[in-house]
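Next come two complexes built around chain A: one with chain B, the other with chain C.
Let's look at the complex of A and B:
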């Protein structure tokens, strides 16, 4: 059993401060477990979000030791630090404590028209799994790529890696009929794929190991030759 | 520092490469202005130009020249790395590409910096 100091950035509208808690952690304890323990034993007013607790929903994404990660998949012992710093995800408006609004994320998501566009008969067709893009389907819309993106931090209009990945799945779906409309949105000089500076932060932090920078690179090459 | 190194030498090497590219780009821009300003002194004739370049003969400036070599190499090789990635080089290999560009850069730098240091700074 190790003792950790957990520093949490608490926020409420117009007010923000850091509060420290002490947690004794077992070997396999996750950051989410620690948050539940703090909430149950030390501070019931602490707000955070979670749902599945097994890394499938992406709800518990937060900044852990200044790196956006899923709280349920991050073991405290793996952080290799006696101090654990928790803060809401960067690049998102904070609602309360560790809870952020995903509205800007889904605003960009909606811009690329995420739903399949095609005739009903086409959409019912069975498509063969493509090993090249199957991993890209694993996105859980946790917002970690959006929070980690250095470009997103300075350009609010940028679509962001997750929305571009979604567009990639649609553009490479033979049943879809809105390919040109999506490519036009992605080709936008200020908000499209050209904004990406290949920092690889999204790829490095995606909890589902999706190579998002590669997706963006493929779009750049597609747009260049089309 | 230890934490920063662990963070940026590992999965965040892409971000480190981006920061290096930005910083070296800005330094080269400063150098370019200095270069153009010196060349501009030619308008005043040979004597004015000699006066403008006189300061560049000091050992300190020779050391800055060696630093300039490092900046040019870092910027060029990192630019090559980004071009390869944009052309479709295996994205999974970007960390290796970054390590290679640093290693090759170090070798090229030593090959250029040692003769420069011996001749310009030590005067051998």
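Let's look at the complex of A and C:
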């Protein structure tokens, strides 16, 4: 059992401060477990978000020791620090404490027309699994890539890695009929794939190990030769 | 297509700049006999840049550096400013004008060599 100091950036609209809590951690305790313990034993007003608790839903994404991660998949012992700093995800508007609004993320998501566009008969067709892109289907829309993106931090109109990854899945779906419209949106110099500077932050931090930078690079090559 | 070409040109000019810069440093600091002897003069430099091959290399160096540098400056403005799409078009026009003037200025310098 180790003792940790958990520093949480608490906030409500117009007001922000850091509050410290002490937590005694077991070997396998996650950051989310620690938040539940703090909420149950020390401060019931602490707000955070979670759902599945097993890394499937992406709801508990937050900044942990200045790195965006899933709280349910991050063991406190693995952080290798007696002080654990928690803050809301960067690049998102904060609603309360560790809860952020995902609205900007899904605004960009909607721009690439995420739903399959095709005739009803085509959408019933069975497509063979493609090992090249199957990994890219694992996105849980946690927003970590969006929070980690250095370009997104300075350029609000940029689509962001997750939306581009979703567009990739649609463009490479033989049943989809909106390939050209999506490519046009992605080819926009102001907000499309050309804004990516290949910093690899999204790829490094994606909890599902999706190579988002490679996705964006492939789109650049596609657009260059099309 | 235009954004793709701009992106591609930025990469190609970047790669060319690496080659040209290495060649530039090598020629200026290790190959130049006058420099090594310590008697580098205006006449020595003039004699070299009167050579059409050197002029072609120097003008190419200038144009490649201008395209790469101004395109990079445009990227920085687009990334870190809140100028919007119209503002970006205005900045692009300004940078193109700056590039054209600078290129003319550099090329005209060779034309006036005596």
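Everything below uses one rule, namely that the second predicted complex is superposed on the first by the 226 of 226 C-alpha atoms of A that agree within 3 Å, B and C clash if a C-alpha of one lies under 4 Å from a C-alpha of the other, contacts with A are read in each partner's own complex, and residues count from 1 in each chain.
Everything below uses one rule, namely that a residue touches a chain if its C-beta (ideal position, glycine included) is under 8 Å from a C-beta of that chain, and two chains touch if they have at least 3 such contacts.
Note that the structure is predicted; figures quoted are calculated from it, not measured.
Trainee: If we overlay the two complexes on their shared chain A, which of chain B and chain C does A:201 touch? Say first, second, both or neither.
Mentor: first
Trainee: Have a look at where A:220 lands relative to chain B and chain C in the superposition and call it first, second, both or neither.
Mentor: both
Trainee: Which holds for A:154: it touches chain B only (first), chain C only (second), both, or neither?
Mentor: So A:154 only meets chain C here.
Trainee: Looking at A:67 after the superposition, I want to know if it touches chain B, chain C, both of them or none. Which is it: first, second, both, neither?
Mentor: In the superposition, A:67 contacts chain B only.
Trainee: If you stack the two complexes on chain A, which partner ends up touching A:189: first (chain B), second (chain C), both, or neither?
Mentor: second
Trainee: Of the two partner chains, chain B (first) and chain C (second), which one does A:1 touch, if any: first, second, both, or neither?
Mentor: A:1 sits against neither chain B nor chain C.
Trainee: Show me the chain A residues, by the header's touch rule, that chain B contacts in one structure and chain C contacts in the other.
Mentor: Residues common to the chain A contacts of chain C and of chain B are 197, 220, listed in rising order.
Trainee: Which of the residues in chain A end up touching chain C in this complex?
Mentor: 151, 154-155, 187-190, 192, 194-195, 197, 220, 223-224
Trainee: How about chain A: which of its residues touch chain B in the complex?
Mentor: 67, 81, 150, 197-201, 203-205, 211, 213-214, 217-218, 220-221
Trainee: Can you list the chain C residues touching chain A in their complex?
Mentor: 1-4, 6-8, 75, 78-80, 85, 88
Trainee: Within the complex, which stretch of chain B touches chain A?
Mentor: Contacts found on chain B: 3, 7, 11-15, 18, 82, 85-88, 91-92, 94.
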